[in-house]
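Each of the next two complexes has chain A plus one other chain: chain B in the first, chain C in the second.
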Partner chain A sequence: MTEQAHRSLQSERPFSAKRFFLQWEWMLAIIFIVVNMANASLSPNYLVFDSIMSAIQMFCDKAILVFPMMLVILLGDIDISVASIMALSAVSMGVSFNAGLPIGAAILVAILVGGACGLANGLLLIKFKELSSMVVTLVGQIVFRGIASIILQDQAAGGFPSWFQYLGWGYVGKIPFILLIVIAEAIVFGFVIHFTRFGRSVYAIGNNETAARYSGIKTKSVRLLAFVIMGLFSGVAAIFLASKMGSVRPSVAKGYEMDVIAMVVLGGVSNNGGKGRVMGVVIATFIVGLLRYGLGIVNVPSQTIMIIVGALLIIAVIIPNLKSSLSGFRMFKKIAGKGQ
Partner chain B sequence: MKKSLTRRVSQNAREICLLAVIALIAVLVNVRSGGNFLAPKNISDMLVETSILAVLAMGMMSVIITGGIDLSVGSTMALAGMVGTTVLRDSMTELGQGLHPALVIALAIGVGMAAGLLNGFLVARLNVLPIIATLGTMNIYRGATYLLSGGKWMLQQNMTVDFMAVATGKAFLGVNNLIWIALAVFAINFYFLGYTRTGRRIYAVGNSKESAEVSGINTKAVTILAYVITGGLAGLAGILYVCKYAAAQGETATGYELSVIAACVLGGVSISGGLGKAHGAILGALLFGMLNNALPLLKISPFWQEAIRGLIILISIIVNALVSRRSAFKALERRVAA
Partner chain C sequence: MPEFILELKSIDKAFPGVKALDNVGFQLKKGEIHALMGENGAGKSTFIKIITGVHEPDAGEIILDGSPVRFRTPKDAQKQAIAAIYQHGAIYPWLSVTENIFMGHEEVAGPLKTIKWKAMHSKAEELLRGLGSDLDPRIEVSGLTVAEQQVVEIAKAISQNARILVMDEPTASLSRRECDELYRIAEKLRDDGVSIIFISHRMEDMQRLASRVTVFRDGKLIGTWGVGDISNHDLISAMVGREINQIYPARNRAIGEEVFRAQGLSRKGFFKDISFKLHKGEILGFSGLVGAGRTDVMQSIFGVEPLDSGKMFLEGKEVQVRKPLDAMKLGIGLLPEDRHKQGLVLDWEIFKNITLSDLGQFAKYSVMKPKKERAKAKALGELLALKAPTVFDKASSMSGGNQQKIVICKLLNTDLKVLILDEPTKGVDVGVKSQLYEIISDLAGQGYGVILISSDMPEILGMCDRIATMREGRITGEFIGSEATQEQLLQASMSQAGGAYEKVLN
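This part shows the complex of A and B:
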């Protein structure tokens, strides 16, 4: 049943090998392989299992945010307050732990604070339809980090128990624990986005909100839910960040939102909404993360890496546009030809 | 046709509201700070601080009116400032003479326009969404600034006295040059957006690209022009920033893009495009600058300032939304009555 709904929405015709291989995910897979080959040829130390695993561990706290951000961008919205939500969640967790709460309860506090921030964003959005998500979350970015700095001022909170470090630094066998979390998250989001009614309504809203509303989708609830999910996962990411850093300050995670948005968009999710798949986002996350790591070990300055990531982002978005404008041109010629 | 006064007032309800809010805050802060806030010295300091943001807001608003956004302005500022000062340093003789400041400023504006041209080309010609294109170029321009500087700072000793005098001098009436520059940019922008054919076309593109296209407007050229204007003014703001603080470095103006977007939104420039006035945006920048100045003056703990600033922005945009809801309703009523 869901399969059928999927097909009718994508208006797909019978399977065609050409179309299958023209998918964006293949392009990403090629970029991924090229990046890894380039890295491996630049540095003999690159293709060592342990070091790759530790590299992956470095960017996995951003990877946690990538999937809920995908949900938000699929809706045609954006959330630039995630880094501030992380800061507020992390600070709340640190402060409540230092105030004597058990660590389990402090973790819960972090997640709930994240959810509350997401709820605030979402409520403002659906109550004031004049305000765009860019504006609302811009304000959120200022306010949430502002509250974090009221709570903790220029202090740091921390002193977490030693097992807490395991979340960010621990391994299960030879695989980092945090990577397993990200994989599990990818599977859950893959299922929710591609195979549930909620996921399909997200695509529908992203494609055309008015049409979605008239076809009976509760567009406001879906948007609200997406922002709450974004907030909850920001809280989760904050826990792992705190575990990695050992202590928290109001200034943690600055600039994370741009990296996360870049990963999602590189993964083929359109900021116009309604386009993109989880698989692409997964590959794109690893491309950006491993590119940073690989260029870092051959001592490319971080500024150059910045330029490369920026250029990659733009080029990645241009290529499918060229393809579609080319096919649009062909279609136009066909129609014009028929008219004569 | 002459517009009646009531019509004029109702068309500018948003800006009048904003002006009232600014006046109210100014009076309240002045009372609380024991008259320090409205002292001439403080007003002048505040306006100088605000002028760079105002120049930037004047640029940013054209892009926002086309329905786009430019996240790269902070990086463009840094790049233009760095290029300008690097060229200035290389031109300096042992006696401390160098290029004329006007040439340095022109160069920075040129760099900014080139950066804006690339943004505009990506958005209009290659159909990249504005937020993505400028997110990418934000990284690129910032990286280029670092590479150009090699991680070093350009300091006072790398700049000529004439150049630094631009930001400290008072050319007319004892008012700082930066304020004059901001006023000039505002006056030109007010006329350009409100009363020239090209300016009105920017609104047309923002309101409905399809209708603009159908009515014979070259929407691509107009969009590119909007980005070039934004870039050029970001270049100007960048060199003025460097001039004022007598330092150029890789981190110059990080995060400025969000302040300027906030200022535009405060000023009633709608992110969805097609709406916004130059006098609104400059009032928005003024309110933003006032908050930055007033909070420390009221001896509010620095840790509280960010949240308070955010809350005031939040309240203003909500009021703004309600005002525009009401005026849309009024317009509907008028049409029904007619």
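This part shows the complex of A and C:
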């Protein structure tokens, strides 16, 4: 029985504790607990429900960008123009509202402008295969914020109706409204990425674009769609940011892309594409967000926080590859030894 | 003074699973042009890599100028004034001619090792003029033709005072006129005392240039002759040599009506005027040397690469293919040449690889049904006797033969009429090979039209009902599988086409 069964191409496999516990998400869970313990020891009031909720509310506008960014990075691409898209979307919304558009229409303008920016990025990418997403979105980063500056100079736009600030500051019961949005988004993206045909295509392209194309996957359409989704959600994030800040300027959201990319990569999404799960990204989002909050409590300057997040990222990338790095080192020693 | 400048004695070299060279000997006289010939996979490339220090032999001796030497790295061989130029020309396309020539041995001055540009440019110019070339040494190499790039590589070899020059299929992508120019340069070098090993698939190269010719086959030395002492026919027999084993299934399929027809397919720079017909239940072989354009034709039919002109008909109706998805929807499937890069997602489970070719049938409202996927993967895998414990095993953990079976399962997962198999048995060991032959033959028996590209001539002869030969992007001959001989195929793959071949494929 044994040999025969062993070779008979089983379509079910038994549960393996080793496989279950060797998942990156467990490591993230430990880091998450450590960060929370550190925060609690720094601020005695931290572990109160209300204060945790307000801490979470602080980074939820970034969290909106994390899931579409995950989609883009899973494809093996990157989008560093998201903060500039947010700026342009926010400015477009502010200006069109001040020009007399009703607030609902202005919100729609923000989303559409974001989508258009994403479409521009995506079209450039798929039409010119010489261009990498790094280059295209670097240009986007400069151009989109540039347009925002041309529209508004260094003025601010705003004066939104008072209910508008509910989006960024409001609560449903004891839970921030924006957190509910992020949770809903995480569930939808988790479903799309892990359980749909589109999600499977994304992983195929990220792992081996050539093989995906030979298998009849519409690689161009999938990449284009991912960048459009990224743009649309940048527009959505811009609305919540505008609500939080009360007014908009061309300089809003500067540096957001770095935090967002850090959250995704720390979450276990390979920057080469094709690897990573939504659950890891969710935990990593809370790690980076709460770490920033905790360090803010003890007045660590923003730049130093970035250094700490950066260090965390490097550790996160090294640990899963520790085995191969070490064997590479051994091989190096062997070659060096042979040469003498 | 020894008679031979370079002598190799009983060289052995094995790679995992393959004996690339088996007790091979070779002698190169001073100032001669020595042709090295053999089929694809005969061991020529490995042999050259041993001479140029890329590989170290497992056993045997290399004797240079009468004294034994050992090359551990390419640098060692370079120091002994052995240089090589390759079919594809320059190595640093974005640098200038001068930089390419002097790469690694630039002329420098002062403590900061500043590069002496003026001196290098004028020396480069001198070298090029010496070869009868009027190239400007300041221009970027990427803008040059392949022939001009080869001249640059030759100049580089001379600048290092090469005594032995290996030319690996230098004429493969040159025009007639460029070949003549290359012959002239090679003869000039020979007259200056350089010894040249010239690898080529072309009879005319050998006849025009070489004084002696050595033939390899299956990693063994077959013989060395004076060029005047051996006829073309005997030379081809020496290259082919072996008998077809009885590992091929019998050809007793019923061949049905036409399923696919190509008419005048052309892609500039790759292939021209390709026309053929394929019938249901038929295996049509495409034979030819590596680089003859067989893969390019199939990639254009499958929509990976564009077509410049020509028409395709599926079951008599004209069809358009712009991307692989179009081809697959029509029922044309391709098993690509490089299964790692083009065929598989190595990091994925077997079942995900198999179902990737048509996700639609496993999705309801675009939501995947993994149970259904795994069941289908299991069924297809069992059909082909895929050896794996579960369908969850990673493709990367499978042997070459089983990986190829996964790719075939991928094709069978879709609804196809035409199967294009590009080198399906490459890198597969003999036991699985005969299983694959059985599978391919069965598929044809089920009514698929099968196109089989293979560089393995016994395989083509043993499997195919009809065989087309290609050379330099054109079809040069058509044969009945059961009647053709290796000599005929090789002749048609190597001869100058010259437009003499009339299309008789039907």
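In this text, the second predicted complex is superposed on the first by the 302 of 340 C-alpha atoms of A that agree within 3 Å, B and C clash if a C-alpha of one lies under 4 Å from a C-alpha of the other, contacts with A are read in each partner's own complex, and residues count from 1 in each chain.
Operating definition for what follows: a residue touches a chain if its C-beta (ideal position, glycine included) is under 8 Å from a C-beta of that chain, and two chains touch if they have at least 3 such contacts.
Bear in mind that the values here come from a model prediction, so they are computed numbers and not experimental data.
Shared-chain residue A:218: touches chain C; no touch with chain B.
For chain A, the partner touching the most residues, choosing from chain B and chain C, is B. Shared contact residues on chain A (touching chain B in one structure, chain C in the other): none found.
The touching residues of chain B, when paired with chain A in their complex, are 69, 122, 126-129, 131-133, 135-140, 142-144, 146-147, 250, 258, 261-262, 265, 270-272, 301, 303-311, 313-314, 317-318, 320-321, 324-325. Interface of chain A with chain C (complex): residues 6-13, 195-201, 203-204, 207-208, 210-218, 274-275. Those residues of chain C whose C-beta lies close enough to touch chain A in the complex are 302, 304, 323-325, 327-329, 334, 336, 341-348, 351-352, 356-360, 363, 366-368, 374-375, 377-378, 381-382, 386-392, 410, 414. Listing the residues of chain A that touch chain B in their complex gives 78, 80, 124, 128, 130-132, 134-135, 138-139, 141-143, 145-147, 149-150, 153-154, 258, 261-262, 265, 270-272, 301, 303-307, 309-311, 313-314, 317-318, 321-322, 325.
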